[in-house]
Structures are given as C-alpha cells and as structure tokens.
Amino acid sequence: MATKKFLYINRKPPHGTIYALESLEVVLIGAAFEQDVSLAFIDDGVYQLMQNQDTSGIGSKNFAPTFRALGDYDVSKIYVEEESLAIRGLTRDDLMPLVYEDEDDDWAEKDSIRVVSSAELAEIIEQQDVLLNF
Amino acid sequence: MTVLHIVNKSPFDHGSLDTCLRLSRVDSAILLIEDGVYAVQNNTAVTDTLRQALGQHQVYALRPDLEARGINPEKMIEGIALVDYDGFVKLTTEYDKLQSWL
Amino acid sequence: MKFGILVNEGPYTHEASDTAYHFTAAALRAGHEIVRVFFYHDGVNNGTRLSVPPQDDRNISNRWSELAREHDVELILCVAAAQRRGLLDADEAKRASKDADNMAPGFQISGLGQLIDVGIQADRLIVFGD
Amino acid sequence: MATKKFLYINRKPPHGTIYALESLEVVLIGAAFEQDVSLAFIDDGVYQLMQNQDTSGIGSKNFAPTFRALGDYDVSKIYVEEESLAIRGLTRDDLMPLVYEDEDDDWAEKDSIRVVSSAELAEIIEQQDVLLNF
Amino acid sequence: MKFGILVNEGPYTHEASDTAYHFTAAALRAGHEIVRVFFYHDGVNNGTRLSVPPQDDRNISNRWSELAREHDVELILCVAAAQRRGLLDADEAKRASKDADNMAPGFQISGLGQLIDVGIQADRLIVFGD
Amino acid sequence: MTVLHIVNKSPFDHGSLDTCLRLSRVDSAILLIEDGVYAVQNNTAVTDTLRQALGQHQVYALRPDLEARGINPEKMIEGIALVDYDGFVKLTTEYDKLQSWL
C-alpha cells in the first residue's frame, strides 16, 4: 500500500480540554503505520510545546513529556507557526527541545521543530494527503 | 491538488476563519458550515474580511445551516455560493483534501 | 469514491454529530462508499443505547444504528476514548468487571489504528468536530 | 423565602451547540419559582432571537418559537446588548417580536426586548443576586 | 457560607469538571457548606459508573462519589439532560424500558428546579463550564 | 455589592476576556482560570488590554492553572495576584456574586 502524507494540525491549548492529549495518542499509534507524518502547531496549539508544564496542581495527566518521545517514533517533522508564537510573546526557547536521530546523517541528533511562516505552512498543508484535526 | 477548507465557528467569537484565511493558498476553496455561516452576512465586522477572501477563494456556505439560523440569503455578501448536503458531498469530491479548522 | 468520516463530538451537545450524519447519508445517496465512521473524543457518546431524547426530537444514536443496518456502514468507537467516558460493550464491561454495558447495536469498539487505516484507505477523510 | 434577582446570560449562538436550548429549558422551569428573572443576550447569543429560524434542514429541534412564550411565563425583561447587534449588522427588526401583558397597565401588550448599551448592561449585571451562564 | 456548584461539562473532556471538584474540595476544607452540586449539559456524564480511565490517570466519577460519601454532598444530575445523553439510574432505566443503567453511587437524578432552588438557597452560586 | 468575573478561555482564540472587560464595572474584580490564564503573559497581543484592565480592576490568576501550562510567573504582567484553590474559594466569599464568562 502506498505511503500517504499525514499532517496532524494542533490548534488547541493543552489542559483546558482533552483534545491535545487525545490527539497525541493518535500520533503515537499512527507512527506504527509507517506513513509520512508531520505535526503542525498553530494558534493556541503552540502552547502544547511549552517547557516546564507541571499539572500536579490540577491533578490531570501531564502528557507534555510524551512529545519528547516523538523522535524515537520517527516523527521528526514538527512545524510551529512563527506568527502564532509572536502574538503570544513566545520564541523557540520557550518550547521544549524536541530532537531526532537522522539515520541518513550517521544518526546525528537534530532539531525536530521547524518554525515556519504562515506562507510556508500554507504550502505544507497543500502537500499533504490526509489532514487530521481534533 | 488543492484543499477545501471547512470553517464551522462563528467569526465573531473565534479565530478559526482568520486562521483559515491566513493559511490557505490562493486557489483553495472555503466552505462555511454550522456556526461558521454567520460570516456570510453583509454589514458586519467581518464583511470586509470575507470580501477580501472572495477575491482569492471560491466561498461556499451550507444552506440548511443558514436556514436554521434565520439568515436571509438576500442579506448575504455577493459571490458566496450556497450548497445543500448533496452539494457538500460533491464539493468534497472536487477538491483533493479536506481541512476542517476545528 | 471512498470516504472516511471522523466524528469528535457527542450527540445533541454539538451539531458536529448531526452534520456528520447528514453528510454520510448524502454520500451514500450519491453512491459513494463509506469505508468507516470513526468516533473519537466525546464522539464515542454517539454509541450509547441508553439515550432517551424528548419525543419531539431526533434519536441520534438510533439514526446511526439504522444507517449501519441499512447500508452496512462500519461504526467504530475508539476504545481508549470510550473507556475514559464510560461507553462499553459487553466484552469491555466484563474485562473491566463492570456490571453493565451501554453500547448501541451497529457500533463496534476498536483501536485508534482504525482511524489511521481509514485515512490510508479512503480517498477523502472528513473531520466533524468542535 | 426572599425573592432573588436571577440573570440568565446567553452568549452562545443557537444551533451549533445545545447550550442555548438547554438554557431556555432552565428559564421555563425557573419561571415557576416566582423570582425576579431577567435574560441578557450578548455576543453570538443575540442570534438566538433571530427571526425566521427554520431547523428542518438540519433536523434538530427548533426552539426559537419558545422564546415567544416567555411573556406568558412572566419573563418580560429581555436585555439585548446594542454593541453585539451592531458588529453583527443586526438591528431590533432582525429579532423576533417578544411581548408581555403588563398587569400594572391594564394588561397592555408591551415589548419585552430592551436594547441596552454595554454600560447599561454592566449596571444590570451588578444589580443581580444570581448570574447563570451555560 | 453556603455554596451551590453548577458543572456544565463532562469528565476528562473539559477542565471545568476538575476545577469544580478542586473548588468544592477547597470550600469544604475551609468549613463552608456545599448545598448541592448540580450537573447540567454534558456535566451529567460525570455521573457514570462505567468509566475505565487509564491507570495513571485520575478517576473523576469516583472522586465525586467519594466526596458525596465523606462529606454528604448532594450530587444532582438534571433528568432531562441525563436522558438525552444516556445517563440513567435504575428507576429511569426501568421507566424507559432500557435493559441497563449506568449511574455512579452518590449521584441522584432530579429536575431543573433543583438548580433554581440552589440559586435561591445558596449565598454563592458558581458556574463551571466551557 | 460587586462582582467577581471569572474568565476561563484563551484571549487569543475567544472573545470572552474582551466581553468581560466591556461589561464589568470599575470596582469589580477579574479571576483568570483554566485557559484564561494565558492572558497574564508579558509581550503578547493582549498585554495592553490586560494592563488597561489592571488600572480598573483587581486581577487574579489561578496558580495551579499557570503551572500546568508552564507559564513562568516572572514573565507575568506586573500587578496580577496569584491564588491557589483555597484562595479562589476565599475570593468568592469576598465578592457578592460570581459571573463566569463561559
């Protein structure tokens, strides 16, 4: 069966609703299907990648550390919209470090996060086969 | 290879329509459904936004959702095409992929 | 054409469940194939058989069950989402030592892989949600 | 038991979600408790009062006509925020006529809807005892 | 002080249900009286006993049931909202000729009048929702 | 007799905070909870709005919700007071009525 390009589009913040957590569960399961997977974080979705999230005070599951495992699942294309960061006063440094090992480059550790402009992201969306929103 | 963007939220309380327009390429199309159809009315705070969108995209709206909300098609911004559920299905076959801006 | 349908919201609460139903019915009328309707997040609540809506209102769960029976449409509830929300078939109830189950006829419980699978198989995947 | 001032605040549009319908059910039940009841329609909530709503195409319950019964339930203070109408290109004439019979004025039929400014509505909110949002 | 609590959203899906729980627990710790917790809209889904959350996650329905048991807090599900969404106690199930019920211990089903009543009785009514 | 306004939605995707500010009298207070706490950060598109609000209202934010979201209190706009759940309960006793802008 041919490989398809899947893009998971994340636009919701992480803890006010369960969408972000359950979306990440789909990504992890989907990784086993060996498709061409990318993730996009847009609008309040960029908050999912914030450093130092600690849910002990609200008693819900802290799934933020799970994003760090994505590299091990061969999910290494993580697009973050620059405009979404900017209006939230955020930069790349406010986000978790997410890395993968590049098998085509002697397993060198590389950054999974690519901060892209709206125009670039519009192109990336056009190149996909399946667009998943939660 | 182009996209049918689907927007289902009111443009007056949510940023979905703005984000859709910011991230849609010129040749893609936009379908307004559910509370998204409130964007079609004339003389609102988002009328200019929608007029600009019409210069770049074909814009559709789901008629049963308009009727449910009492929106008078005569007060609609010119250039928006109405479809029913059969037309909705037809649209999804004419565009290569579907992007629901939830 | 082959369609996959993803429903992310529960019945009555959000129009997503109605729109998904009307879309699915229209696609079938037009002769398209529905590979699968996958219910995720609160969407799993569409699969309850315990709903008792007012008599002058639609019965959303029954409507899906009838679609499954008449057109042999596969209706899948995500197992993890369903367990969290208390939507169980007889097997799941037994496994979790629960004294009751509540899934409606025509629905099945399965894993998230079925969502990825329909994304791969279908010509178009359409998402209905909030 | 003392009478309290209840204000139902409606900010959501009518058919995309069930909040508006279930909120109206509370108002109808609440009318039997003989409290001092008002309703406010703000933001997309003003769409709940639109004329000519016809849900037959989407198959859900059309509860809009029920608003017309509020006068019979002695619910006659219905505040609509002017600013919310304005940005939606709406005027009073786009809304349903809602009336009540004024027992202090020989049962004369009067308009239940009062279009008010944001400042007036802020005062009305301050005067309440119980604020209900759905 | 006497508090009334209104919960409009279901468990796990929206933080409203968690915030309402933490607020209620804190109010009890401070010695306040909780006249009633009223569950409306999808909030009625907090009252299921069939939920099977992941082992490393909180059990929201159990948490409410324990609060009711330990502090004698009245937990009311709105009957109309519950029927629509398939949340039934044994009596409701029997009346609707359903073969199962799913309400958790500590919860009761009652009418919307109980919401108005708590608005009248309580010194403060606080709403948690979406 | 004044109001504690409670806002639980992100100001970047929803109009709740704007509506709250438009409809709250000068002496009332505002409590940010759940996704509403994203409004507290400095250098954002809503920082000016919140600074203006601070001139008219006491503004509080729920600390456990900040921590869950990884918001650094040092990057918060000055003048916002943090409360935990016990402080939340205390606030609701100090104001006469509670308005949740859902």
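Per-chain residue numbering starts at 1, and chain names A, B, C, D, E and F are given in the order in which the chains are listed.
The definition used in the following text is that contacts are C-beta pairs under 8 Å (C-beta built on N, C-alpha and C of every residue); 3 or more make two chains touch, one makes a residue touch a chain.
These figures come from a predicted structure and were not determined experimentally.
Touching chain D and chain E together: C, F.
Counted as hops between touching chains, the shortest connection from chain A to chain F is 1. The chains touching chain B as well as chain C are A, D.
Here C-D and B-D were compared by C-beta pairs in contact; the pair with more is B-D. The mean-CA centres of chain D and chain F are about 27 angstrom from one another, to the nearest whole unit. In terms of their C-alpha centroids, the spacing between chain B and chain F amounts to 33 Å.
Under the contact definition stated at the top, the residues of chain B that touch 2 or more other chains are 8, 12-13, 15, 34-35, 64-65, 97-98, 100, 102. Across the assembly, chain E contributes residues 8, 12-13, 15, 19, 22, 41, 54, 57, 80, 125, 127, 129-130 that each touch 2 or more other chains. Chain contacts: chain D has residues 11, 15-16, 18, 43, 58, 60, 130-131, 133-134 touching two or more partner chains.
In terms of which chains touch, the assembly is arranged in some other way, matching none of the line, ring, star or all-to-all patterns. Every pair of chains meeting the touch criterion is listed here: A-B, A-C, A-E, A-F, B-C, B-D, B-F, C-D, C-E, D-E, D-F, E-F. Looking at the complex, you find that chain C touches chain A at residues 6, 8, 40-41, 80-81, 111-113, 115-117, 119-120, 125, 127, 129. Residues of chain C touching chain B in their complex: 1, 3, 8, 15-16, 19, 22-23, 25-27, 29-30, 32, 124-130.
On the side of chain B, the complex with chain F involves touching residues 12-15.
Chain B contributes residues 1-3, 15, 19, 22-25, 28, 97-102 to its touches with chain A in the complex.
The touching residues of chain E, counted against chain A in their complex, run 12-15, 18-19, 22, 54, 56-58, 130.
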